[in-house]
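Handing you this structure, nothing more for now.
As written, the chain order gives the labels A, B and C, with residue 1 at the start of each chain.
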Amino acid sequence: TERKMEAKYAYTPLNNIKKLDPRNEVWGENFPREFESYYRTADTTFSSKYNSASKVDYLEKYPEFVVLWAGYGFSKDYNSGRGHVHAIDDLHNTLRTGGPTGSEDGPMPSTCWTCKSPDVPRLINDIGVDAYYKGKWSSKGSQVVNPIGCANCHNEKSMKLTITQPALIEAFQRQGKDITKATHNEMRSLVCAQCHVEYYFKSDIPGKEGIAYLTFPWDGGDTMEDMEKYYDNVKHVDWVHSLSKAPMLKSQHPDYEIYKMGIHGKRGVSCADCHMPYKTEGGQKFTDHHIQSPLNNIANSCQVCHKQDKDELIKNVFDNQDKIAANRQELEKLLVRAHVEAKKCWDLGATEAQMKDILQGLRLGQWRWDFVASSHGGSFHAPVEMGRVLGKGINITQETRIKLAKLLMTLGHKGDVPYPAIETKAAAQKFIGLDMSALKEEKEKFKKELLPKWKAEAKAREAKY
Amino acid sequence: TERKMEAKYAYTPLNNIKKLDPRNEVWGENFPREFESYYRTADTTFSSKYNSASKVDYLEKYPEFVVLWAGYGFSKDYNSGRGHVHAIDDLHNTLRTGGPTGSEDGPMPSTCWTCKSPDVPRLINDIGVDAYYKGKWSSKGSQVVNPIGCANCHNEKSMKLTITQPALIEAFQRQGKDITKATHNEMRSLVCAQCHVEYYFKSDIPGKEGIAYLTFPWDGGDTMEDMEKYYDNVKHVDWVHSLSKAPMLKSQHPDYEIYKMGIHGKRGVSCADCHMPYKTEGGQKFTDHHIQSPLNNIANSCQVCHKQDKDELIKNVFDNQDKIAANRQELEKLLVRAHVEAKKCWDLGATEAQMKDILQGLRLGQWRWDFVASSHGGSFHAPVEMGRVLGKGINITQETRIKLAKLLMTLGHKGDVPYPAIETKAAAQKFIGLDMSALKEEKEKFKKELLPKWKAEAKAREAKY
Amino acid sequence: MKRLFKFLTPPKQWLLPAIILMGAMTGLTLYGLVESKAISYLSDDPKACANCHVMTPQYTTWQNSSHREWATCTDCHIPQGSFVEKYMAKAQDGFFHSAVFMMRSEPEVIQMRAERDITVQNNCIRCHKDQVTDAKKASLSEDHIKNATTKNCWECHREVPHGRVNSLSSVKYYGRIDGEQQETVPQWLEKYLNNSENKNNK
């Protein structure tokens, strides 16, 4: 038996990692290769045709986004995701989290921390799920400080992959599926499905009212239509659009759901196969924890299975992305038009009854657009499905604009409602009436005053581990 | 390998095949395996989810087609393609070729024979290209009698693959490409590209006016947009829609063009790899000339490269087809609406100027729909491209319907223009004003009177070979 | 009985280690069967092979290879002919491998024995026959057919499936092989989820 234990742990002294230790550096002492590669997610130099490891300002690149999200946090600030090590910084910096001044302050709930840090499983273990979700985002500012890391995905004893996200386990349970039956290979995608999925905050759970309980809307399945039906059933509304007054849905990064519908997902290729391929360094083999665009690492990822040239493989990806992007950008413009046309109707005195179908059309059309736009890998992960969803989105949105055209004429309007002047992010934000300088100011104040306090408190707390 | 083939057949006695001999049975004496497998294209029993080896009446299955092609031959009769051996029979039988009574009679030109028979290369060799294309379809009735066969694709001396279709060679030339430089592997698709491509009849070639010269519209490229631009440039109109008066384009089987945009085409997988895989019979390996749906032959086609279960591979195909079909059928209905709305505008006294953009929108929207609908393999050959084209088609068509909605109100119309009652083919044909019994009668007459004469003449002629 | 004896007799090259082990056999067999999970050795589950740490490099490289979804260890390393042939080979390997393992005599760099080459080669061909012989595929690589009949496939396809670096210490951590410690949902989390309302809000 000794021989067997030796077999299992032969080279791995695992004695100094505490249960759920959130400090990646501590794990890194045992696993330097994994840690160093993980830390390379700090590198922001790589950019491909549509994605980037740096902070690309999407609102600048596509000012239409500002109008589509009018009245919602995303119209203030939305960037491309960066590597995992930036997760905490980016959350501090985004204007969406506002500028809290104390622990009961700011526009966002605690739940926003959930997919950003291994401090979250630690906290949940300490204080329980409900208490963790409870309160404002600012209430856990000094608690959540380590960026996404080892404890989010690994058991510190065995280094096995593990699921630390309550919402994922619950979503499986509600579907009658048992996540503990997942195979090793499925786990290589499920660890990502902890975060790279569509979600919402459920606030009406009996006994937990007012808690923004993180929930994945998969009860009836996880296709675009299934989730829409779920939201319609529970009458969920993410926000009311400030121009059109439509009861909107926000889709966020449904990466896992979309990936499953593509050919790689169907063939059992896991997220880790492409985003964390095996690597050899100094005669050692290990899993590359520099999670990034595989286009920056074709040799270790794609070429394990595909023998084509690097350039040809990259072209395959771009070809798919180009075809999807063309229709997505088309739909963006149609949605802008529809929102401003709806606003015009209200301005001309339209009634709720006249607007009912139109508002529902805007909800459903934009949900389809966002489902595609918010998954940054979707156009490669499952391009045929993305094409289908966009086709439906264009159809619904245009059908809504036919209704709008008729209503506008009925209300006495002549000619087209002009397309707003939104050539830049600033112009678009002005158009929807956002006071950006106030938002930036309060953020600066937060960063100068409260944030340093959080960091100091955290340092003191961690020193006592 | 080309060399090898030549070498291989240099020793086979091929002396009894005359130059361009159109009779497949004669070739078959030398190549019994290829001939017998070719002859299995007579079998009409196989059907998959969307395609069939039998004559599926598309107008019955999708009565919308009738309305979309109002005023054009396809609204009379349109079926799924069958195996190659049926090509001549199907051309005789289709209502589109009408019921000629003599050699100067009927709705179709000679050119219609072009993709149906090895008698065509023979005739072109005998009388020249111009003389072959000249005149009515009925003028060559006793000349073209053998269904698609060996002489369409092979050189009778070397058995090498060869291109016998002038239009394909000319299309390459106009693009500045030299088809004789094609590799052996490319030839395994180019022989199909002789026929499975979009085409039109050019009738204004200087010096050849009035001849329906078979032309592939690839001068500026062969994507959907390239070909549309070509047609707009040369101001080509296939027919004027009888309801909307739009100047329409008809797309026909752009299989080769679409295939090239899919991943198999990009990877150099040829048509023959899937539709004519190798087969072993009695220890002999040969090319299966039973050209058919690969879904009826997964083991020899797909599984050469893919080791998945038969059922899984079939599901992959259906998944792609389902996603494309959903939006295609959606677009069909939108186009029906647009045509009847346009008709209503005319009825209410719309002017040419008011209708101009609308008619162009109908032309472009339906071109996109037909590009997808008319390629029966397209949804598998290049599903991402099909999704893109449909998205564009839906967008253009709905944008046109917005214009229609406004114009209708301007013209004093209230409410929706009702969707026509077209639940069946018969109802749809009645709706567009087709007198089907007259068409069927003239076809019966043709089959009883003229057709037997053609056959008798041909028999006498061939007896003299 | 004679047949059973023959079944258990290793081929000539193994006679020496086999004889040395004979004495210890009786006592060790039971222990060995339980410890090395010999029963599972008869299955096609790659985990069966990975019971030994020395197989870990091969397991992990295979796990990260293009073949993970298509071929398990036995698909390549065991002749796929008749049932008898298959289990004969497994019994021989099992006997040999556990003997070496318990004697702690495994080398740092394990190498496939030449007479096993033919087994693997035949298995490559079993799956890839069509690709290797198809006219179309022939254009992928000059003289592929000729080469493939004169060399071992993996002389060219060097990354299939274990890659080029194969030493025992090339792969360090063994927690990755599934086993008794599976903890997909950790206990600390389970305790909160059991009374979670959001679990069953349908």
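By definition in this document, contacts are C-beta pairs under 8 Å (C-beta built on N, C-alpha and C of every residue); 3 or more make two chains touch, one makes a residue touch a chain.
The structure displayed is predicted, hence computed values, not measured ones.
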Inset, instruction - Select the category (line, ring, star, complete, other) that matches the graph of chains linked by touching. - result: complete
Inset, instruction - Considering only mean CA positions as chain centres, point out the chain farthest from subunit A. - result: B
Inset, instruction - Would you identify the chain whose C-alpha centroid lies closest to the centroid of all protein C-alpha atoms displayed? - result: A
Inset, instruction - Go ahead and note the Å separation of the Cα centroids belonging to subunit B and subunit C. - result: 53
Legend entry - Averaged-CA centre spacing for the pair subunit B and subunit A, given as whole angstrom: 46
Legend entry - Rounded Å distance, subunit A centre to subunit C centre (Cα mean): 40
Legend entry - subunit A - residues contacting subunit B, complex: 263, 266-267, 308, 312, 316, 319-320, 323-324, 326-327, 330, 334, 383-388, 390-392, 394-395, 398-399, 401-402, 405-406, 409-410
Inset, instruction - Spell out the residues on subunit A that touch subunit C in their complex, using ranges where they run on. - result: 1, 3-4, 6-12, 19-20, 31, 121, 124-125, 128-129, 155, 157-164, 166, 169-170, 173-174, 179-180, 182-185, 187, 202, 205-208, 213, 215, 219, 267-269, 273, 277-278, 280, 283-287, 304-305
Legend entry - Of subunit C, residues touching subunit A in the complex: 35, 52-54, 57, 60-61, 63-66, 68-69, 102, 104, 159, 163-165, 167, 169-176, 178, 181-186, 188-189, 192-193, 196-202
Legend entry - In the complex with subunit B, residue positions of subunit C that touch it: 70, 127, 130-131, 134-139
Legend entry - subunit B - residues contacting subunit C, complex: 1, 184-185, 188, 268-270, 273, 278, 303-305, 307
